[in-house]
Amino acid sequence: MKLLIINGPNLNLLGKREPTIYGNQNFIQYYEQLKTDFKNIELDYFQSNHEGELIDKIHDADVKYAGIVLNAAAYTHTSVAIADAISAVNIPVVEVHISNIFKREEFRHVSRIAPFCKGSISGFGLDSYRLGILSLLTEREEIQT
Amino acid sequence: MKLLIINGPNLNLLGKREPTIYGNQNFIQYYEQLKTDFKNIELDYFQSNHEGELIDKIHDADVKYAGIVLNAAAYTHTSVAIADAISAVNIPVVEVHISNIFKREEFRHVSRIAPFCKGSISGFGLDSYRLGILSLLTEREEIQT
Amino acid sequence: MKLLIINGPNLNLLGKREPTIYGNQNFIQYYEQLKTDFKNIELDYFQSNHEGELIDKIHDADVKYAGIVLNAAAYTHTSVAIADAISAVNIPVVEVHISNIFKREEFRHVSRIAPFCKGSISGFGLDSYRLGILSLLTEREEIQT
Amino acid sequence: MKLLIINGPNLNLLGKREPTIYGNQNFIQYYEQLKTDFKNIELDYFQSNHEGELIDKIHDADVKYAGIVLNAAAYTHTSVAIADAISAVNIPVVEVHISNIFKREEFRHVSRIAPFCKGSISGFGLDSYRLGILSLLTEREEIQT
Amino acid sequence: MKLLIINGPNLNLLGKREPTIYGNQNFIQYYEQLKTDFKNIELDYFQSNHEGELIDKIHDADVKYAGIVLNAAAYTHTSVAIADAISAVNIPVVEVHISNIFKREEFRHVSRIAPFCKGSISGFGLDSYRLGILSLLTEREEIQT
Amino acid sequence: MKLLIINGPNLNLLGKREPTIYGNQNFIQYYEQLKTDFKNIELDYFQSNHEGELIDKIHDADVKYAGIVLNAAAYTHTSVAIADAISAVNIPVVEVHISNIFKREEFRHVSRIAPFCKGSISGFGLDSYRLGILSLLTEREEIQT
Amino acid sequence: MKLLIINGPNLNLLGKREPTIYGNQNFIQYYEQLKTDFKNIELDYFQSNHEGELIDKIHDADVKYAGIVLNAAAYTHTSVAIADAISAVNIPVVEVHISNIFKREEFRHVSRIAPFCKGSISGFGLDSYRLGILSLLTEREEIQT
Amino acid sequence: MKLLIINGPNLNLLGKREPTIYGNQNFIQYYEQLKTDFKNIELDYFQSNHEGELIDKIHDADVKYAGIVLNAAAYTHTSVAIADAISAVNIPVVEVHISNIFKREEFRHVSRIAPFCKGSISGFGLDSYRLGILSLLTEREEIQT
Amino acid sequence: MKLLIINGPNLNLLGKREPTIYGNQNFIQYYEQLKTDFKNIELDYFQSNHEGELIDKIHDADVKYAGIVLNAAAYTHTSVAIADAISAVNIPVVEVHISNIFKREEFRHVSRIAPFCKGSISGFGLDSYRLGILSLLTEREEIQT
Amino acid sequence: MKLLIINGPNLNLLGKREPTIYGNQNFIQYYEQLKTDFKNIELDYFQSNHEGELIDKIHDADVKYAGIVLNAAAYTHTSVAIADAISAVNIPVVEVHISNIFKREEFRHVSRIAPFCKGSISGFGLDSYRLGILSLLTEREEIQT
Amino acid sequence: MKLLIINGPNLNLLGKREPTIYGNQNFIQYYEQLKTDFKNIELDYFQSNHEGELIDKIHDADVKYAGIVLNAAAYTHTSVAIADAISAVNIPVVEVHISNIFKREEFRHVSRIAPFCKGSISGFGLDSYRLGILSLLTEREEIQT
Amino acid sequence: MKLLIINGPNLNLLGKREPTIYGNQNFIQYYEQLKTDFKNIELDYFQSNHEGELIDKIHDADVKYAGIVLNAAAYTHTSVAIADAISAVNIPVVEVHISNIFKREEFRHVSRIAPFCKGSISGFGLDSYRLGILSLLTEREEIQT
């Protein structure tokens, strides 16, 4: 089983950017840990600040992965194009956010992609990604403690 | 470690009510399964159609549980009083929804309690509760597959 | 054939409360008259100021009555939870209002339950209940003069 | 006692137009049935697609009828002029709709004429007209089953 | 010099309709008085409840009159078509209202035709028409007392 | 094959009215040219300033024409009744506008009929009608150059 | 009979300020002409750029004048305090505007004082003042040509 | 003279809940102090987290008390039903808030009950209750220092 | 201890202006009574219809008074400048209103100064000032009956 | 004569993506057919999921093509930058949409680029492109059937 | 060359008022420094808390100064009258703000005067004035470092 | 000291695009002039039509420059992602606009990046860049004339 994690704009700065909101852990280190933790799954990772590259990657993932864990970051609130890309592919996409977007500025309360995703997870720090992966594992025995 | 699951109005009808949206599994059966799956945790369950009883229960849980998994159902969209109850207690509350509320009627897109919860999980069917429990387990080894 | 009339908050004060808007007839007297008028129907009556009790009663009515005539009063304008309860049961619910709600304050012009009811009747004084009952009698000969 | 039924735009197509919303009964047939059912009342009927003709008819009815059952159809949502005509006459006007307008597109949720009518009835199919007639019969014995 | 007075929907009932708002003088009597008062001007009068007839009349007036005093009544608040007719003709149109529309319901505060008229006069009872006529007389000596 | 062109309010003044927006060609001349250009099609034309007559014509066209090219002009922005008429007939209706309505006043940006038409064409001057006719010719060979 | 004309902010620049909107006539010259034209009336004039002084003057006029012709200029759109002053005095106040405020920027379409005035006149250039004076003369013979 | 103090949801936690907003004094202690301070008045106290119980209590107070000091807490912003209960009783109800609700989140700026109360007092900490009691004492000598 | 009462626009007319809303007591008489009632406090009074003078007075009061009781009247709803003046001084300012502003026109429901005041009191007639003074007396014994 | 067709995000998936909305024809096949049908025109085609590349291409086309047929897809509803690019070039740009965007979700009803295009065509399936090309051919004989 | 700096309400308290927002430098000291720095320019300064005095000063400056640097403070967000004064004079007015108004409360994000000024500068502390002066010096050599 | 100037979409066309709004000077020529004028500063320049490249450049500039002068052009009004990039870096970013964005279409009045920048400068033509550079020079002697 292969899953793809996609991070949107400015998440390449994780660990450096606004640590009071996003924590100070580098995403690559966290990703290595995820790969260790989910040994039975093949995990890939992609980050871009370009809306178009995120769309290209979602298209490209359609035949190759069983699902996508997507943190679209700022594009969450503005991109109809990414929402359409999610609709256009046949694999489930799970929306995740590190911070609780409903605690932040009002413009971050609206997600243009949420209605097109399987589900949404926000507010659990980097653990939101872990929960996103678990949500894509459908066998009960796989996600129990 | 003790956790409390709280279900709000109409969720007592789960399995009977609108199965195309909520599925046809009875919550009590699911709850038994959760207790089996999470053997290391003490899980309790409470359901009420009364906003006031939900508030009373949240208050009451403050000293007794390590966290609450809350599906406030329709009160999600209207209850400032439950939001205030969540603010008033010192344990984390995780908001969960069975359906993806952002795919439904527009009035269900706004959660009055989300800004006061630790985080939100919506759209994964009954698995949203399981993910909610996992999100409250802070030790990494506990939530890996 | 059994029908249930449900009255929401403050309607226990009917006849005392704001007579210029609601008239000065006590609902119980009116209910007795309805039972006399509709001899072929078994009519029951329930009133509560508690949103949760109204929801409980709607659930409870599902197997016992052929329909509900519901005046949700103030909860008409605020309660998603009662709207969900109406959706959750399989019997028709008819919304009634004593006053013409569209002639009153603007916040009373929006009914959160109307989209989930079979139909709505407002503005005919206590006769709104009588029309509500008639609307649930589907045989033509029963509702002709 | 004379009552007038007025139908607004496109209702001449009833039975042909969008039968999933409006049913497939021709209004003239239904009107004949109403005349049979309400033998003690003199019923007249008028239909027009012209806003101005509807206003003229409402004016004209003022001295001749004891009340009007009005389905203003699409003009319900746009016509201040019909609302003013209703205000200008001294007989009661009851607003009726075949479909439950609150279940349909949002622009149909607002009635510009409702605040000027005696009351509103919507959602009971063609029976909405029957209930409208009954609402104009003020003697209790006349409207009991 | 020829001027045309046009009255919109329901103004045929002037004197009968809502006298607390519109006064109890019949417009025809008032019009006769206007003709007596403005002996140097040829005054014509047209009233219709039909939006289309009002448009036809405005078109028709273009070559025949030096200006129009228009009380579009309820169509003031809804008719883009009359506004376009005003734009389409080359003679000045003055908007008049008997009542002060800004003291009434909020939907009467917006005039869709005002931006296309030469000017607006509202609130002076039937004198609004007289002021409207005066506003179209450009020679100073004609409008002094 | 028979097609009907319908023009709404004020379009009888085309060529005279606001030539900077609508050009200075008379529609009848243009219509003659269209008939010459589309020799294989039977073209009819109807214009009215009356909303009700436009509705009557749309109803009447249902059995007689293969489609309608409709420029509802100002009624585009206000008429639910015409929108309902379009829904009520079984032939395709194509919305056309001479000017680009999105470049004009904000109230002209919203079309109440667009959601009920097959498609919309705006901004190409009188050529919008020609494109509207072409859009109703479904055979590829017919619409190629 | 004494009447007071009050001009609000920036109207002291009339004739100099934006002549394409306000014309190029100095108000004092025009006022002299008005005094000549209305020989039977005692006319006074007051201008201030200070909201407070305008209020003081309206208060002060209460016992001394039979009515006020008020061009509140920019304060028209923002001043509740002037609106309250108008309510507080017992003489009629007529709102006038030189330009047609409904043809200008959207923020000029709303008058906070209109609901508290006897009536409103806008769009007739300096003639708006003349019409305002005429509207305060209640005797018919005084306002005929 | 008897007065009733009613506290709404979450105020049972006063002293424990969010002390930076609500202070850290227990309401029962404060209530004892109030009873000591106002020796000439009979003071009762009721708290509930249940909207329905608050309504029941307001109804029940109608014959027994001279007035109510009501802190409806979160229900202030959402409950039409409590607003209706206030309208339905004949004794004055004074709205009080501990914090200045206009300094907090925007959804707390709107009180649905304020228009139905005698008056409102907010922002004086627990002293808001004391001022509320004083506002109900109509004799001047009683409320002077 | 010195306190300052400031009254905004039109309150100089108290007793004369709209007595059904504001009562018919002259403020100066009431102020004399307040000075008699609060013998231990030095009370000063200032009224102006000028926004700028109110701001100047608030600035000026900063070093001289222990607090301000401010009825900003109409400026309540429009003046950011007075709100900023309140923020700029170091003494508490209490907002008072004679009428219950939430029972009046919608534009009076919003106070631009409330978020910057210590607290707000509205609806108690002239007693609102008395309560405002009491709210500034912090010693418990001073404000008991 | 050279024309350029530009397709925006996700249109590379045409034929695969949501066939109930967009049909199941591959755009490249359709483009080949267009080239066959319009033999007298030189047609080029460009597709990108990147907003920036679409802007670059529009700039680049300015000197090379006689016009652009642009389906900006999701960027239609969000991109001011593409709208500015259209304004910046001197060749006409025609907006086309395969589906009738006014029948879909509300956020698709607003086009940020429409006010800057020559005209708009939506709802005719792939034929919208054909009509777009025809709209750019200005000679009458070229676009007749 | 003469320039005028105008400061609006509460800016006389600069250095004392909310130093975390506005800094703690007195404006007069800063103004002296500006005069030293810009030796080639004649700088004048005016401050008032009165909207009317600010308008008077802007009028008065028209013939005397080459431009105005205006910090309208709170009136920025409410004053149409100052905006009109800016339009009425023939010299450029530059809007400046000490704080970044877009980082503060939402009501400070809208400037009613910005559309009438030459340009706007906000967020640079007292340096905003210096930049405002520089923006009025049109010769390139004068504003280089 | 190194500063970076970043220009957003369509600004590569400066001098060619809409000269009535943006002037007809090529930016590269202007940039050369800036480098000559600010000899003590090292100035770099970057332009892209791609939102993602602008974000990449802002990230990249973080360690290399002392500040950024950013004209985000159309992305100003839509890009949360660029706003987040500005928040994520530790150097000051100054927003500049050539035209006064508050004089243009309403959608250009809102800047999504302004709240995250140090300050904003708009309306001074190309001089806005020069002022932006000056605003980043903190030493007083550097920015005097």
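Order of writing sets the labels: A, B, C, D, E, F, G, H, I, J, K and L. Residues in every chain begin at 1.
In this text, a residue touches a chain if its C-beta (ideal position, glycine included) is under 8 Å from a C-beta of that chain, and two chains touch if they have at least 3 such contacts.
These numbers were taken from a predicted model, which means no experiment stands behind them.
Participant: Touching chain H and chain I alike: which chains?
Facilitator: none
Participant: Counting residue numbers used by both copies over all numbers at the interface, does the chain A-chain L contact come out same (over half shared) or different (under half)?
Facilitator: Here the answer is different, because the shared fraction of interface numbers falls below one half.
Participant: What whole-Å value do you get for the distance between chain H and chain L if each is reduced to the mean of its CA atoms?
Facilitator: Centre separation, chain H to chain L: 54 Å.
Participant: Per the centroid of Cα atoms for each chain, what is the distance between chain B and chain J, given in Å?
Facilitator: Roughly 47 Å, centre to centre.
Participant: Taking the mean of the CA coordinates per chain, how far is chain C from chain H in Å?
Facilitator: One centre to the other, that is 32 Å.
Participant: Residues touching two or more other chains, restricted to chain H: which are they?
Facilitator: 50-53, 78 - these are the residues of chain H that touch more than one other chain.
Participant: Give the pairs of chains that touch; include all such pairs.
Facilitator: A-B, A-J, A-L, B-C, B-H, C-D, C-H, D-E, D-F, E-F, E-G, F-J, G-I, G-K, H-I, I-K, J-L, K-L
Participant: Could you list, by residue number, the parts of chain B that touch chain A in their complex?
Facilitator: Answer in residue numbers: 33, 37-41, 100, 102-103, 109-111, 114-115, 117-124, 127-128, 130-131, 134-135, 137, 140, 142-145.
Participant: Taking the complex as given, what residues does chain B use to touch chain C?
Facilitator: Chain B residues touching chain C: 8-10, 12-13, 16-18, 48-53, 73-75, 77-78, 107-108.
Participant: Sort out for me which residues of chain D touch chain E in the complex.
Facilitator: Result: residues 50-53, 55-56, 59, 78-81, 83-85, 87-88, 112 of chain D touch chain E.
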